[in-house]
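Read the structure below first, then the notes.
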Amino acid sequence: MLSYIIRRLLLMVVTLFGVSIAIFLLLRIVPGNIADILFDSAGLIDPAEKKKIVADLGLDLPLPMQYAQWIGGLLRGDLGFSYVSEKPVIDEILPRIPITARLAGFAMLFSITMGVPLGVISAVRQNSGTDYGLRILSLSGLSLPSFWLGLLILMAFVHYSGTIPIYDRNASGWNWWMLQLIPAAAVGFRSAALIMRLTRSSMLEVLRQDYVRTARSKGLSDGAVTYDHALRNAVLPVITVIGVEAAFLMGGLIVTETVFNIPGVARFLVEAIRWRDYPMVQNLVMFIAFVVVTVNLLVDLAYMLVDPRIRYGS
Amino acid sequence: MKTGFWNDVAYLARRYPLGVAGAIIMTVFVLAAIFAGTVAPLDPFTTNPKASLAKPGGTYLMGADMMGRDVFSRMIHGARISLAVSIGATFLGSGLGAALGLASGYIGGMFDLLVQRVAEIMQSLPLLVMALVITASLGPSLPNTIIAIAIPLIPNVARVIRSNVLSLREMPFVEAAKATGMSEFRIAVVHVLPNTLAPLIVLATAQLGSTILTEASLSFLGLGVPEPWPSWGRMLSESAAEYVRTAPWLVIFPGLAISLIVFGTNLLGDALRDALDPRQRD
Amino acid sequence: MAPVLEVSNLSTVFHTRRGLVRAVQNVSFSVNAGETLAIVGESGCGKTITALSLLRLIPMPPGEIVSGSVKVDGTDLLKLSDAEMRRARGKQIAMIFQEPMTALNPLLTIGRQIAEMVTLHDGLGRKAARDRAVEMLNHVKIPEPERRAREYPHQMSGGMRQRAMIAMALACKPKVLVADEPTTALDVTIQAQILDLIGDLRREFGTAVVLITHDLGVVAETANRVVVMYAGRKVEEAPVGEVFANPKHPYMTGLMSSIPRVASARGLTGVDATARLTEIPGIVPPLINLPPGCAFSPRCTRSEAQCTTTLPELELKAPDHLAACWRA
Amino acid sequence: MGRRATSIAIACLLAISTAATGAFAQKSGGLLRVTHRDNPPSASIHEEATISTDMPFMAVFNNLVVFEYGARQNRLEQIAPDLATSWALSNEDRTLTFQLRDGVKWHDGKPFTSADVKCTWDTVTGKVDGKMRKNPHKTWWFNIKEITVNGPREVVFHLKEPQPSLLVMLAGGFSPVYPCHVTAAQMRTAPIGTGPFKFAEFKQNESIKLVRNPDYWKPGRPYLDGIEYTIIPNRSTAILAQQAGKFDLSLTGEIPPELVKEIQAAVPEMQCLVQPSNTQGNLLVNRERPPFDDARVRRAMALAIDRKAFSDILSRGVYNIGGAMLAPPEGLWGWSPEYMAAIPGYGADVEKSREEGRKIMRELGYGPDKMMPLKVSTRNVASYRDASVILIDHLKTVFIQAELEPLDSSVWYARLLKKDYSVGMNVQGTGIDDPDVMFFENYLCGSERNYTSYCNPELEKLFHQQSQMKDQDARRKIVWEIDRRLQEDGARPVVFQSQGGTCWWPQVKGLKLAVNSIYNHWRFEDVWLDR
């Protein structure tokens, strides 16, 4: 167990190292740098001034040196300064993390609390009207563009209640909860649909298993069979998907944060890419990659915890 | 022979009614895309100041956009773009992924290790971020959008195919082929590849819908297929969304089209999965 | 002595898209306390469906028990409400399955799975149920039962798992035990141990055992009576000695001739032990649209015109020996 | 019809402002909540040329002089004191002397002196390296020879030639006085000024916050406790949020005219003004690259353009049609309608012009069966793309089959600079409605923003001539002539002059917008909230 975790942690380091090289190079393949963007925003180019900025920011250094500078700083905990705001990157990123984390957390919570029970219901009532209804609901969850959904939600709110559920850092009480849950539902709708589908098919698979028949032969009630014996087994693949979704969720977060105007890391990242704000993008992507691999590790550990076959190694 | 085929079709239709619905939806869109030139009543690019934001009905079946271009005609031509993006990206991504997965699973060793690491690295970069960076570096155009959406698909496909290949390698018929002295490459292509096709098709169909959604998201963020090409994502984002009160048709029709075609691919994908991949069958 | 289990005219069908599958048709048999009845036949002939029908574990839909009765101590299980039936399962009638690996829930400890049974039916508390589980494991001769109770199925060998399965099935001392191919998935040496265990417990608890198997060797060693099934119907029934000594139905004859061990092991007559091993040509027909006559006739070497047109009734062909064959 | 919408809005505005000044009931306090469209590239007004920086940060500063607040148009005749209490011209109008206000303090407590003024203009003229990253308005100050101080309260601008318009440029929002003792880097992130509001917070992509300067030199001002800009990149979200009452005011010029109508239909009490947003759509033709080195091709292209169609499609006819200078009635320097009607390509009969264009193209060997292929490059931004799409549509009428090439913003200007394009569609902003700003920035031989390298020494003489003129009416005649020749030469055909809307709830009082610029009225010292 311990050696497994150590092995995984080592692999994590390798992956993150790969990510750092990938994002570093990717950014520099993209045409234009911060100097171009700054001049674009001012509507002119004076080659001399541009050259000066490039030199000031060290963008004329050879790539390996730039990379070494970045990674060296990162290892020392120094993330450098944003090219755009000229403030320390850490000060820009840190306050935004809780905002996105909350949104992602609520979204995940929403998708699990909606997806798993509905998936179970759908499976238990296979081929009934309820099942068909729920399957169509989950398929539409996978079919609606999330920003479209978000826009429709905004529009409906303004139209019917005269309020707009966009981010408001001064919100409190009931209002705060609304402002958290509405975007979370918009972004979590897709994951909920996915989890529901997966729970359903996994549940159907499990319900066909011999041990479910055994459980029924023992005289257990349908409820006990479904929730105590079957569901426990059925959620295993769902857990893995939650891990995979963590990376996918990021994409949904970007558009949802845009629609609901939430100042989180996801939208910020897109802006930073647009501005070619290398220190910002590089460190943000590293952070996101770190979260993704950590979530994957945690998911695998959770899997081990739930599944004794893996825990004791067979 | 022919009656046998139709019997099979009839059986499949009864067995997977939702899949048939999906297939019909897809067929309608594909036909619209192929015959866009004949089906569309108006030129999708011609602007007309007098028709700006015209209401649906009459000449403009689904209304006109701000530029006075016919929404219906643009939707039909948009089917071309959306299908080109989704089919192109899925083919490209699944093809490369399958090749990589096959090679990785079959060659094994250092190569496999390397491919796995790279796949892991790609999977820990958020998909939309990769697509954003790629479109930004290649510039917005139809082929570039396809590439940008295809690349993030690769690792997932590669992984599935790889694990498939690993289990196939142990299969008796592969052992048997080895015993007859067949070359490794030939075994890979003749015996292993066809057996990975079923999961590949299932996976690819599942991706079809999500590629359309990714294109729509990219368009929403100002990337994706550029004007004047009428991609649905482009049509319902940006300026269209702003006129939602006076001209809701600008947002509703393309949004419905996207939802419907993705819905169709999902229905079809489910049915294909059931039919082709018994292990995942409901 | 009145039989503990009395099954009469049991018929089970499946409604499928291709048509009605008559999986079990008019099957009747009875078992006394402490006795073993074996149901034999090739796979696909309706044995397992019969077993599942006894516990009403047929998935409904598409399955349906259309007629008959399953009486345990005079109570017809088929007439019970769902809740009453659940109380009967495990308490009145329990079942063990063919594949001990998949029949046990991989995520629950053995102890918990046994304890669950006794908590449910005997209303024992947590601690008491746990003690009972350990006791039962001890009973089925699992060494270190305390430790094993805390283990998961995958940590045990196949034989051990089947013992645990038996412990679970017998934990509430059911009157009837249905064992569906309990040894098929096990090594030969383990098979004998398990069969002995079932035999011992049967005697000890006075349980009536219905043993489903295709292995005539097993039948010969453990059963008191034998029911032979083909294509969903009972085609022959007799005490074990009688059936081996004097098989009436060509299907039974065919089965016996494909297994030399039976003959040689028991030294029974009627089968030439030295004869070449013969297999019954053909396969069990699909149970949709069965021909009007004897379902075995297409494979039967002794088939004649009547066999293909008219269904033979079960008749006493010898004392206490029923068979359904025109040629017997 | 667009004209009418504008004039109604103006009438509305005047009504409010008279009501506001009439009743002496200004209330103090309150936070003014404003929407913002994007993240300002920095907080330093001198380094930026966008409303994104100008509007939120103008209230942090003071100028030497300002345009009279509440005047209908920003013009030379209506300039008021700010940090300068008075000014005088001498030495044949080549010396401009300012007397500076006493007792003014920077937000960090340091006193404001003439050195700060000298410092600011020495930096923007490039005389001193102030460590600014960029200097987009450098061309405005071409005429300044030297700046000297005469004690802490007097500063003197020495000019090369007389230039009345210099005051106009000094009065604009882009000409704040910077503190000498604060670094350029800090001015970009946390600026220090003398203005009515102090900089409080700038969260990237999130919000900008200003708070009341209690020590403001103008007694009793400002009324507001603070101003908060919330950055909402999605325009539909921003508009919905304002309609829902989350914001009092929108970023100026950001709401398309068509949407202003929509908003006012939905919320009748919302006050809106549609006015020129000081940007214009230009057709850029690379006159060095064949076949566009042929003046006939350029002329045919110019003849294909239906300016009214652009205005109708992009704004339901609200956009102005004119030359380089902003058209009347909002603009001071644009052609009168009668003058314009006689200019080729501006006539009412577009079909006639296009027929002429087709004739030219036929002579060059093109026709319906042999269209000239072309790539129209533009920035991948909605306003640029929409205009390009219309342009492409119009070019078809003169046998040109064009294809759109959208370019990432970072690539766009680099391509322009390298002249790596054939035909481009550009949308260009101008800070102040003044010919000096327009001509010297965009049409001077060798100027950085002269993307098409149009160079006409004869016309350049006229640039200087009009710049030195004192009589503004006589000057206008020359400006019209220059503009006409620019358009006839196809230097950079102006396709439309954009307008944009600004909306605010009626509780926002004392907001007075001039109609010929969006950049110069955001000091907010007279604005108050009636809540």
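Letters A, B, C and D name the chains as they come in the text, with residue numbers starting at 1 for each one.
The rule we apply is simple: a contact is a pair of C-beta atoms (placed from the backbone, for glycine too) under 8 Å apart; a residue touches a chain by one contact, two chains touch by 3 or more.
Keep in mind it's a predicted model, so treat the numbers as computed, not measured.
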Chain centroid nearest the full-protein CA centroid: A
A-B against B-D, pair bridged by the larger set of C-beta contacts: A-B
Maximum centroid distance from chain D, chain identifier (CA atoms): C
Rounded Å distance, chain A centre to chain B centre (Cα mean): 22
Whole-Å separation of chain centres (CA-atom averages), chain B against chain D: 45
Centre distance in Å when chain C and chain D are each reduced to the mean of their C-alpha atoms: 91
Centroid spacing, where centroids are CA-atom means, of chain A and chain C in whole angstrom: 53
In chain C, residues with contacts to at least two other chains: none
Set of chain A residues in contact with two or more other chains: 31, 151, 155, 258, 274
Multi-partner residues of chain B (at least 2 other chains): 136, 139, 241, 244
Pairs of chains in contact (touch as defined earlier), listed by label: A-B, A-C, A-D, B-D
Complex contacts: residues of chain A adjacent to chain B: 11, 14-16, 18-19, 22-23, 26-27, 29-31, 126, 135, 139-140, 142-148, 151, 155, 200-201, 204, 244, 247-248, 250-251, 254-255, 258, 269-270, 273-274, 285, 288-289, 292-293, 296
For the chain C and chain A complex, residues of the former touching the latter: 52, 55, 57, 86-91, 94-95, 97, 99, 102-108, 116-117, 120-121, 152, 154-155, 165, 168
Sites on chain D touched by chain A in the complex: 39, 41-42, 47-50, 133-136, 185, 188-189, 202-207, 230-234, 236-237, 240-241, 243-246, 408-414, 416-417, 428-429, 448-449
Chain B residues touching chain D - in the complex, by the definition given at the top: 45-47, 49-50, 52-53, 66-68, 136, 139-140, 222, 226-228, 238-239, 241-246
In the complex, chain A residues that touch chain D: 31-33, 36-47, 49, 52-53, 82, 84-87, 92, 95, 151, 154-155, 157-158, 162-164, 166, 168, 258-261, 263, 267-268, 271, 274, 276
